[in-house]
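Next come two complexes built around chain A: one with chain B, the other with chain C.
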Partner chain A sequence: MPTSPSDPHRDASGEHAVRSGAGVFDLVVIGAGPAGLAGAVAAGELGLRTALVDAAELTGGQFYRGPSPALGARRPEALHHAWSAYADLRERLRHCPAVSHLPGHHVWSVVRDPGHADRWTVHALTGPDGTDRAPVRLAARGLLIAAGAVERHLPFPGWTLPGVVGAGGAQAMLKSGLVLPGRRIVVAGSGPLLLAAATSLTAAGADVPALVEATGYLGYARHPGALAANPGKAAEAVTHGGALLRHRVPLYARSAVTAAHGRQRVEAVTVARLDRRWRPVPGTARRIACDAVAVGHGLIPQLDLVTTLGCAVRPTADGTHAVATDRSLATSVPTVWAAGETRGIGGAAVALAEGELAGLAAGARLRGAAVPPARTARLRRRIARLRSFADAMAAVHAPGPGWPEWLTDDTEVCRCEEVTADRVREAAADLGARDTRTVKLLTRAGMGWCQGRICATAVACLATRYGASDAGPAPDRRPLAAPVPLAALAELPAESGPKTAEPT
Partner chain B sequence: MKPRRTTSPARPRPTPRDVVGADPGPAFEITFDGRSVAALPGQSVAAALWAAGILAWRTTRGGGRPRGAFCGIGQCHDCLATVNGIPNRRACLLPARPGDAVTTQEGAGRADLAV
Partner chain C sequence: MVGAACAHYAARAGLSVTVLDRGPVAGGTTGAGEGNLLVSDKEPGPELELALHSSRLWRKLAEELPAAIEYETKGGVVVADDATRLAALRSLAAAQSDAGVDAREVSGGQLRELEPHLADGMPGGVHYPEDAQVHPALAAAHLLRASGAEVRCGEEVTAVLTAADGAVRGVATASGARLLAPYVVNAAGTWSGEIARMAGVRLPVLPRRGFVLVTEPLPRVVRHKVYAADYVADVASGSAALQTSAVVEGTAAGPVLIGASRERVGFDRTLSVEVLRRLAERATALFPVLGGVRVIRAYAGFRPYLPDHLPAIGPDPRVPGLVHACGHEGAGIGLAPATGVLTAAALTGSAPPLDPRPFRPDRFPDPCAAPDRRPR
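Here is the complex of A and B:
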């Protein structure tokens, strides 16, 4: 049963929601973070019947993730940066009846409608964790994929101990649940998210005994053009830097947490200096007591849906892949647009601009809407400027090739399937695996609950290091973008499921 | 070479709730392995457990080692818990409800199906 914009009602957050009815949306926007929200509002204001679909209860995505209304936060912006852009969009969404916000929708597949070649069918599970209510299908003439990113992780001995959490995870739990994983939290890894995480964790009352960054921030100096064109980014860094100075957070640059220690939970970490290739420098290890670690090495575009749709991808400056688009943010598949982190990690400001541009492009294409050329040109200039900075940052924070030297044989690389570094090495070096897929088949690395979202980068690096020839991180192929109960598949009407053979 | 830490004794340590000016409804009770845990309306099961200092509520299938929330956004599945007898609930996504009985999920949480 398709869902349509015909019977909007207000959900707990005051935003429009629809559940049932019949009809076809002009545009289904997947992801309600900065890019998706901006895209849905832009398209809706042009008159497109738009659905804004997201797994979470609230709009905002991970960047603008806020506490549930039931927590009664009067100042959610206190844990955020650049909140006013979000508040403005949320207000426009409220006054845009053409857009239906569908919270608690976990999109697991997008396919061409078998009955209408020019339509898409979006399959979603519903409920906070996708298990509560009946599955939903939406019909759409166009798609805007704004699926965001997941955090990139590099394993180290002890990283599976309770208390070691993603830097983005610590941020998400703090922003949405107003909780901390501990009192004394080491923040480690690489990338601008670490500064933001350390700033909000200290603001929320945690001690941060070490901010450990694998690169030197001086690396930015190698990209003077991108810096000069983005004075706002420098100001952002100064804001975070000032907050960290006030809280006396010690910065360990060109260093990494090379081990976490503890029995039932983390009790301390080892921090070591790194050389230019990210190899730990002997004799530099020091132990720092803590009761939690927030760790991450930047973000990776979430490409499940676009690769399944067949959209072309491109390699990025930091060794991942992102969806390729033209200058109007159209992907290689007609009537599918992409914006924000899906196009390459760029941050919230670029996501807001790209979402708007993609929404306008969809309006022009799907409804023949008139878009002032000056508005488009302004957005394109802004995107080009912000993207130049993002690419420079990605190059600076790309993991160095020497990080596997801090692993021990028994370090778990794949958290779900408990596959150790030694077994990945064995698959590539001894058993002759020549690509990550074969490593996966031999070891089960990447075959578990998370489907390799957490370990794919590390497995690919290790496989290459130990002899695989073609193991560079390939764009993920996950025909199911979210875990789907068999019952949901069984309930699909025959014409939208895979072709079944006739009994003979 | 490590900078000295100084904390003003006069200023009490802020809490996340203070920072955002939260004024939630009254706390309610859930249980974790039979022990009472206070949850706030709007918190996920994982957030309520973290607030009580509990970081692990699952043991792995292979090594039986403790795990809890890691990614915090429903991607990593490390936070799976058994809630009201149903295993494999993502605790970081699932809102806590009054009276929820959360139990440590051992392995796949399907020991009842073992042959």
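Here is the complex of A and C:
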């Protein structure tokens, strides 16, 4: 929901006041997806002066991604479930004067206010892709990080061909632009997102000649407790399954797309069976014609801001990292809360509950707001139930250690810097790079435009495979969460002298 | 880098060498720098002699090592933005020329030929064709591999072992290993002070933080290493306070690198928006075309700084067998080969190619801090 330009509270307490340095928000919520939206509404309804900041023009994040109004879609909710919870929050946001929705704000850094130790400064850029040069700064007493997630990609030969897209990306394209990446689309990878993507794509008229899932779906059966506690999730899976059956989508379980073929763009894929460790089983390869591949291996928490803030992180069941919090969703850094995918991949329902809980916790801490204990307890129970299911899913869909066997020496692992698997091997095995950071240093993998947001997982797996000794890929520190024009940096107001210099 | 060079030249001199590092290769300052091999930023004196000797050695190493080290003699251009600074720059360049540096004064018009995107109105500068660059991490890794030394990464030294007479006998490591050797070379960069302390001596190496901004990849808009004339004064300053001067250079891979800030704040990696602002302001003043270019990354590194801005190279008379090769501040990549040669000469007792006395490791009075030597 874009706050309309005439919206009085936006002008009164939003950008204008902040740009002149006058206003201090109680809470700045970063990310207007399900978690951030729920958090901003909960905090705002407790009376906290709240800013809800997101790079997108609309609330809803990646999950409740609406079509651009210009497209005139009549029933965007047809592509979503649980739309009503979102519609309800949008409505509450509209009637909550304490919340300023600041769309089109690309947050590039959050730092402690040099003048006030108990305040944060949120630096953002505005304009299309953050290209306006005038920088925006928001002052805040507390932060709620609800920055969502990015897709996890595992490379395979041919994955850089046009027509190979992320499964989440394909769904996002469909939701926001109502366009398909091709007509005959192989959906591949691992995780519940594949089911949702295949269902959406077929519903929109695409032919899906194969749904290729690296695990067996039977994996869920090993966590019957979690599934039983989440009847909604089970129903959702059945819904997707039924839709795929109706559209006659062939399912290839314990299989992977191990290569994409084509000259100008993808024309076919090789699908092979995998063993338990995700190694391709010799002699099982088959070729399937297609003009697009939507591939995804689940999601990874977006941690740029929290790691730069110094928040503690924890390893997750699916081999990534998420921010660690206490039961009130406070991070290890005082006055910084986190909710939703930032805490670990869990989906929209858990994000809604966590956003609300974090908003309430911030209200209690920052404003001494009275929160009914029953409301908190109900949210905590809901979160615990949903999280146990999410953790079970994460464990099932964690990539097996054998996937690099489908790479060839010349497969590009980092597409920005065109770094091949062989060069990663050389850095780790021959040149003394003992960790992912040094592999990157020696190969430039992850140093390009995406800053490793696409390839970090793959590079870390390969580095470990070839001798790097870290237990797991620690999340990267990315002091800049978004690219910043030099002119925007140059135009920031000067601070008076360094404050922490040692005596000479 | 310095450790790799010491290993390389010591092994070449026939010694048996083991390299220990608690982290990976190039895990400290080497991996956080731009890989500068500069003569332009040094005033006549022992450091410049070390740099000139290194410059020659780098040319040879570039022929021996794989092209992957990205050795490039791009040349440096120092720009003065007013007449006063130009006059100071001229006298520095004249003194450098006398010391053997190829320093060519250029007019404002010639500056634009060297760097077409430079801001208007710069009165002049000096072109230093000998300034060069390598990819520092790759250079260190390849040099280490070529050295033939035994390399043990991830093995942290926890003690320097000494005999009853006080002489070095080797080191102990965190894994419980004891490596016995008559010589221990302290090339621990910013952390060299700790190794010295393990051996019972004081070496006042302090971290001096610098940030580097990395832009999105661009076609070559900056051809040389270009910096403002006040950079030389900042390098030579001993102040703990933040100093920033524009150092802008393009890279073979496309991104433009922007430095250089200097401040003594301990080992604090926290992003400083103020440092970023100043670097951006100074870089866009030199190259207005960069205003619309986006920074995709910023990172901090720590230069190993000694109070008089000279490295500590050579045997420590207080502990027989202990040899230091550290404290090169921001010039370690450039000064590494000559440091390695001096170290190898000290280990084998052969004649050094240049006078090592200015780099004596015991030159700092103990225990009080040395007063800053301000060259200007």
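The working rule: the second predicted complex is superposed on the first by the 471 of 504 C-alpha atoms of A that agree within 3 Å, B and C clash if a C-alpha of one lies under 4 Å from a C-alpha of the other, contacts with A are read in each partner's own complex, and residues count from 1 in each chain.
Going forward, a contact is a pair of C-beta atoms (placed from the backbone, for glycine too) under 8 Å apart; a residue touches a chain by one contact, two chains touch by 3 or more.
This one's a predicted model, so the numbers in the text were calculated from it and none came from an experiment.
Student: For A:265, is the partner it touches chain B (first), chain C (second), both, or none of the two (neither)?
Tutor: In the superposition, A:265 touches chain B alone.
Student: Quick check for you: in the superposed arrangement, does A:415 touch first (chain B), second (chain C), both or neither?
Tutor: first
Student: According to the stated criteria, A:489 is in contact with first (chain B), second (chain C), both, or neither; which is it?
Tutor: Only chain C; A:489 stays clear of chain B.
Student: Once the shared chain is lined up, is A:397 touching chain B (first), chain C (second), both, or neither of them?
Tutor: In the superposition, A:397 contacts neither chain B nor chain C.
Student: Touch test for A:448: chain B only (first), chain C only (second), both, or neither?
Tutor: both
Student: Touching A:176, do we find chain B (first), chain C (second), both, or neither?
Tutor: A:176 sits against chain B, while chain C stays out of touch.
Student: Residues on chain A in contact with chain B in one complex and with chain C in the other?
Tutor: 131, 417, 448-449.
Student: What does chain C use to touch chain A in their complex?
Tutor: 23-27, 31, 137-138, 141-142, 144-145, 151, 153-154, 213-217, 238-242, 253, 255, 258, 263-266, 268-274, 276-281, 283-284, 290-299, 372
Student: List the residues on chain A that touch chain B in their complex, please.
Tutor: On the chain A side, the touching residues are 55, 62, 67-76, 78-79, 128-131, 150-151, 160, 162-166, 168-174, 176-181, 203-205, 207, 209, 248, 250, 264-265, 292, 415-418, 448-450, 453-454.
Student: Of all residues in chain A, which touch chain C in the complex?
Tutor: Residue list for chain A touching chain C: 109, 111, 114, 121, 123, 131, 133, 308, 310, 417, 427, 430-435, 437-438, 441-442, 444, 447-449, 451, 469, 477-480, 483-487, 489-490, 492, 494-495, 497-498, 500-504.
Student: Spell out the residues on chain B that touch chain A in their complex, using ranges where they run on.
Tutor: Its residues touching chain A are 2-6, 13-25, 40-44, 46-48, 50-51, 55-56, 60-63, 65-78, 80, 89-90, 92-95.
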